[in-house]
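Okay, so chain A shows up in both of these, paired with chain B first and chain C after.
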Partner chain A sequence: MDAIILQILNGLDKGSAYALIALGLTLIFGTLGVVNFAHGALFMIGAFCAVSMQRLLNLSYITLDETQKDFLGNPLKVKTPYVESWFGPDMGAAIIDWSVPLAILLAIPVMIVVGIVMERGLIKHFYKRPHADQILVTFGLAIVLQEIIKHYYGANPIPTPAPDAFKGSFDFGVMLGFDPNAIIYPYWRMVYFAFAVVIIGAVFAFLQFTTFGMVVRAGMADRETVGLLGININRRFTLMFALAAAVAGMAGVMYTPINSPNYHMGMDFLVLSFVVVVVGGMGSLPGAVLAGFMLGILEAFASMNQIKSILPGIDQIIIYLVAIVILLTRPRGLMGRKGVMEE
Partner chain B sequence: MFGLQKKDTTLLLVVAALALFAPFLLNPFPEGSAMAQFNAGYPDLMQRFVIFGIFAVGFNILFGLTGYLSFGHAAFLGVGSYSAVWMFKLLGYNVIPGIILSVIVAGLFSVVIGYVSLRRSGIYFSILTLAFAQMSYNMAYSVLGNPTSNFNLTNGETGLQVYTSDPQILASAGAPDLPHLFGLTMRSSYQLELGSWLFTFNAGYYLCAVLLLVSFYVAIRIFRSPFGLMLRAVKSNQQRMNYTGLNTRPYTLAAFVISGMYAGLAGGLLSTMDPLAGAERMQWTASGEVVLMTILGGAGTLIGPVLGAGFIKYFENIFSKINEGVLHAWFGFLPDGLENGVIWVVEHFVGPGWHLTLGLLFMLVVTFLPGGLVEGGQKIAALLSRRKSKDTDNRATQSTPAE
Partner chain C sequence: MSKFHVSRRGVLRTGALAGAGLALPTYLRADTGYLNAPTGSSVTLGFNVPQTGPYADEGADELRAFELAVEHLNGEGDGGMLNTFSSKALQGNGILGKKVEFVTGDTQTKSDAARASAKSMIEKDGAIMISGGSSSGVAVAVQGLCQDAGVIFMAGLTHSNDTTGKDKKANGFRHFFNAYMSAAALAPVLQKLYGSDRKAYHLTADYTWGWTQEESIAAATEAMGWETVNKVRTPLAATDFSSYIAPVLNSGADVLVLNHYGGNMVNSLTNAVQFGLREKQVNGKNFEIVVPLYSRLMAKGAGENVKGILGSTNWHWSLQDEASQAFVKSFGTKYGFPPSQAAHTCYAQTLLYADACERAGTFNPCGVVEALEGFEFDGLGNGPTLYRAADHQCFKDVLVVKGKDNPTSEFDLLEVVEVTPRAQVEYAPDHPMFAGGELGSCNPGA
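Then we have the complex of A and B:
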């Protein structure tokens, strides 16, 4: 029993990332009808927002400390981050420590701008082109974004630690009444899962309970009629694209303490997220979230040693295998709507 | 000639001439001159041109004719490479069995994948092929490549290669210890010095070139056959085909298998170039590369994929060689401030930044020139002759692909 719970928990963090990216992909597909292969790159840009924030906060000036000498007898050079001199040493150190969560504040405006520029500058011209063209042009864009990041941040992963308060793990099993040390779970993964739930809930609430969301949902159902009612649906769809970019970016920011960001992390996630979207059903938001968590947890189960000893290598292929089976038995995916992508 | 129309015969002859005289044509700059680094006439690069040309020609039979966008063709390339190396290990270094087996195995493999994937179309097809290719890649990398197990098909991270302990039952005593064709090693080359030019004629290159010509000829025949017409019909409107009571799946499956066999042939040839097959050949970025080549050259045209493959492989090699020193030599005539500025800009696009250029170029081509280089050439030709370019059957790229 405890082993099962442990694997479910292990699958949650990856599942959260899949769900968040797939949610954005589905949102873009459902509103604009565009297959966005650059969505993984947006996730990656979000992750590098965290790196930039960390670097920004660590910007420091150098002073000479006459009281201390280095081994040559010269006054010691002391680096003081600007943040510490503005807010005092304690507060400043705390701010630097919290750079990853703070990076969300940077990521949201950056991603919204990136999203709007991308949609207005490029994707707009591809609404009426075949899906193959959309895939190809966004694939090209993904390469470009990836190379720009690689040029400025290098090819190596950059460690971005979580705040001290969330470092380490805790014994989750004891809370549920199992033996001590049965279920050890890192704090940050719990934070990531909670964060994903909040974001997903917020997106759904936004679509369900605001007038803006209602118009967007109406536009997803029948774009032309909404346009005929005198509503500028294109502008709202652009904003939805920006929202999807922001969701991917925030997912990237919060993912950095789990895996140090590198320039190709977006591509790695993109392939899997597409599989997730297709399994969930193109155009279905609940389907994307459900499939994201489901596949993340399945992957965790498949990497258990007991299962690997029976079916070696199953952990590497389980997601693709599930996707193939589902696509062949349920062509619309788990929760796909009728008429989407079936023209 | 060969049952081709006059125009296609000309095209085939042009390609044949280009392939045969490539060692001359690709070496236009004399040895030791400043421009010598733009020479592409060395065996390794020429072989890559031709091998990826075959790969792209095959991919075009599927994507260009039927409109099915496969994102998993690298799997067949990888399978072809592995089977060729296995033939080297088991039978000996003669390349003929290796090439034959790589085509057969890739064909069988594509029958299986195609049979399953072609049940869906549009983006679902793309995702299914991608899933199969990633599965093959992951398995080749981990389970099937575990050196300690008895079932070590791919040798994992190290890559499959020939060891002295391998049986090689057909290897005769005097045969060379390298891939060879009845004693003629693939690496042997004849060098011809004419003035300050040095031309290299490589045995491996000519083997690949001959196979390219054969595959190109087969591709022309397919394009012009009733079968090819059927595939084009699938691209323009599959639904209507189904309504007329025709089952299109055998046709699409046949196209899929043919293009898979082309990919297998290319993979086998890669192994004859260098008898070491690694799993990274199956990764999805490799599948993306062949898509790029086909689109860049012009999907649905005969010559396009070969051009695209040559273009990408050439610039990949040449652009990545350019470094800061070279740039300083080029822009040295500019005033200092301007020179540094220009170099700072150009630097992003050359050397390790070559992929950035590729991505940008690709976006531009897809956006403004959906017919690729071939369409660009036709537009320029039309502009020059001031005549409206006729819509030849070479340009079937504008119709919407099958969804």
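Then we have the complex of A and C:
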């Protein structure tokens, strides 16, 4: 029982990442009709916003320490971050320690700008082109973006730790009456799950309870009629693209303490998130969230030793197997709209 | 009756002609009859490193080392380890008087891409030797290609037992240590620090290097009394290891061995620390994590999670011997930071190849093989070293290292815990972990 609870918890944080990326993917598909294969790259750019914030806060001045030598025998260059000299060592260190959550403040405007530039500069030219063209051009864009990041940040993963307050893990097992160490779960993963729930809730609330959201939902249902009413739906859709980029970016920022970011992390998530969208139903926001969490949990279960001993390698293919089964039995996905991508 | 006159001039002329006649076959044998024999004033080497993909940073460091080695071979710079190398055949005038030039290829850390780039360098650029690489899968693939083509392969970073085990080739040579040596060096230190009564849980990358690393470290730790609780294979493409790490504490294990390299190791170690494994007590002992193969770039990627974690390396820039210091000075002065172990092995391999050509008096691969087999040397940073003839594996001291608690810079991440003497990591050529495959005979390619 404890092993099952443990894998459900593991699946929740994995599913959170899938759901956040898939939410943006399906939002873009539902509004603009574009299959955006560069969406994983937006997640990756968000993660590198966290790296940039960390570097920004660690900008330092250098003093020479004559008592210590560097590897060439020269006096050691000691770096002191400016924030520590401005706010004092303790306060400065605390600000640096919180660089990942603070990076959200950087990521939101950066991702909105990136989203608008991407949509206006490239993707709008492919609205009326076949999906295959859209996939090709956005996939190419993703490769370009990741190579730019690699050029400036290198290929090696860059550690971006969580604040000290969220390091370590919580013993759920003891709380639920199991033995100590039976169910442990890192604090930051709990934060990530809670963050995902808040963001997903906020996106739904925005679409459900604001006039802007209502117009967007109307546009998703019937773009032409909304346009005939004199509403500039294209501008709203551009902003939705920017919103989707910001969601992916924030998901990337908060993911960095879980796994050190590297330039190809977007690609690692993209294919799985695309499968999540297809399983959930193209253009269905609740479907994307449901499928994200469902597939995350299934993937975690498939990694259990007990399962792998019966079905070796199942952890690598489980998501695709489920996708095949669902698409064979329900071609529009779990919660897909009738007629969308069914032909 | 004719008179037979013997003049001084006649004897000299006949002697000169006879000498030239006798020397001719040697001359022909030395400079022709093999692939890509250099005909001009230069010789071309091919450096095949990952320039794109996840190991691009390691590849960039290898390339820096190759460039430095070429500089030193051509008599430029401060000479680096040419000054400390026990063999004095190299004079800083290229190789056999020919200026050293090089071409590069991108392995992408993919076997097919690596073979294609090596093939291109051999066939289009006339490379006479291929070196570099950052993966055992790539090394085995390129080694096979070089054997078939008829050029020498001086492996870069490859740690699988198979490279000089079941996949060994006569034209291939490995300076880097292997999984067996890591385990043989690490096990006694683990016993000393963590005791003999331990239960180990292995997470292993599911490919050739992971399998041999797991086999080696499990055998070495079991030999000193540890019990192996479980061995779990993880997909090479995995990025989040939480579902593999979560069951570890329930397994009764008190040590987690991460047979992972590169991005796999960075993520699995980060996940293990996140789950609080290092703060746990199991079986009345502190829970420990072990990373059998370390690299500085991996340590950098994992950040503070490496603190106190034991592993092994082939070489480290903090070594104080004259050769290591000479290399660190050359490299650090040119590039501004200390070299990695990948850079060190690539630099050493280039010098060893050049020296073998000089001693053989030819670039002919068969001459080079003969010169390298059984070659004993010193002064390249690892102490007295042997290139064993039976499998073309270098035998030298191995470093046991651990993540430094208080690093002074972004490069000062590991500290040497013990230099394990060569005798302790040696094994018989027919050891079961290296069984199968034949070295075969050298192929000159023409």
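Note that the second predicted complex is superposed on the first by the 325 of 343 C-alpha atoms of A that agree within 3 Å, B and C clash if a C-alpha of one lies under 4 Å from a C-alpha of the other, contacts with A are read in each partner's own complex, and residues count from 1 in each chain.
Simple rule for what comes next: contacts are C-beta pairs under 8 Å (C-beta built on N, C-alpha and C of every residue); 3 or more make two chains touch, one makes a residue touch a chain.
The shown structure was predicted, so the numbers you read here are calculated from the model rather than taken from an experiment.
Participant: Looking at A:Asp97 after the superposition, I want to know if it touches chain B, chain C, both of them or none. Which is it: first, second, both, neither?
Facilitator: neither
Participant: Please work out whether A:Asn259 is in contact with chain B alone, chain C alone, both, or neither, and reply first, second, both or neither.
Facilitator: It touches chain C, and chain B stays clear.
Participant: In the superposed arrangement, which partner chain does A:Asp133 touch: chain B (first), chain C (second), both, or neither?
Facilitator: A:Asp133 sits against chain B, while chain C stays out of touch.
Participant: After superposition on the shared chain, which partner residues are touched by A:Pro186: those of chain B (first), chain C (second), both, or neither?
Facilitator: So A:Pro186 only meets chain C here.
Participant: For A:Gln316, is the partner it touches chain B (first), chain C (second), both, or none of the two (neither)?
Facilitator: Both chain B and chain C are touched by A:Gln316.
Participant: Going by the contact definition given at the top, which residues of chain A touch chain B in one complex and chain C in the other?
Facilitator: 150, 316
Participant: Spell out the part of chain C that touches chain A in their complex, as residue ranges.
Facilitator: Those residues of chain C that touch chain A are 52-57, 230, 232, 235, 237, 239-240, 242-244, 246-247, 249-250, 263, 266-267, 270-271, 274-276, 279-280, 282, 297, 300-305, 317-318, 328-329, 332-333, 337-338, 408-409, 411-412.
Participant: Residues of chain A touching chain B in their complex?
Facilitator: 35, 122, 125, 130-133, 135-137, 139-144, 146-148, 150-151, 267, 271, 274-275, 278, 282, 312-313, 316-317, 320-321, 323-324, 327-328, 331, 341, 343
Participant: Can you name the residues of chain A that touch chain C in the complex?
Facilitator: 2-3, 6-7, 9-11, 13-14, 68, 70-72, 76, 150, 154-159, 161, 167-169, 181-182, 184-186, 188-189, 257-260, 262, 264-265, 268, 299-300, 303-305, 308, 315-316
Participant: In the complex formed with chain A, which residues of chain B make contact?
Facilitator: 67, 69, 116, 119-120, 122-124, 126-128, 130-132, 134-135, 138-139, 141-144, 146, 284-285, 288, 291, 295, 348, 352-353, 355-356, 358-360, 362-363, 366-367, 370, 400-401, 403
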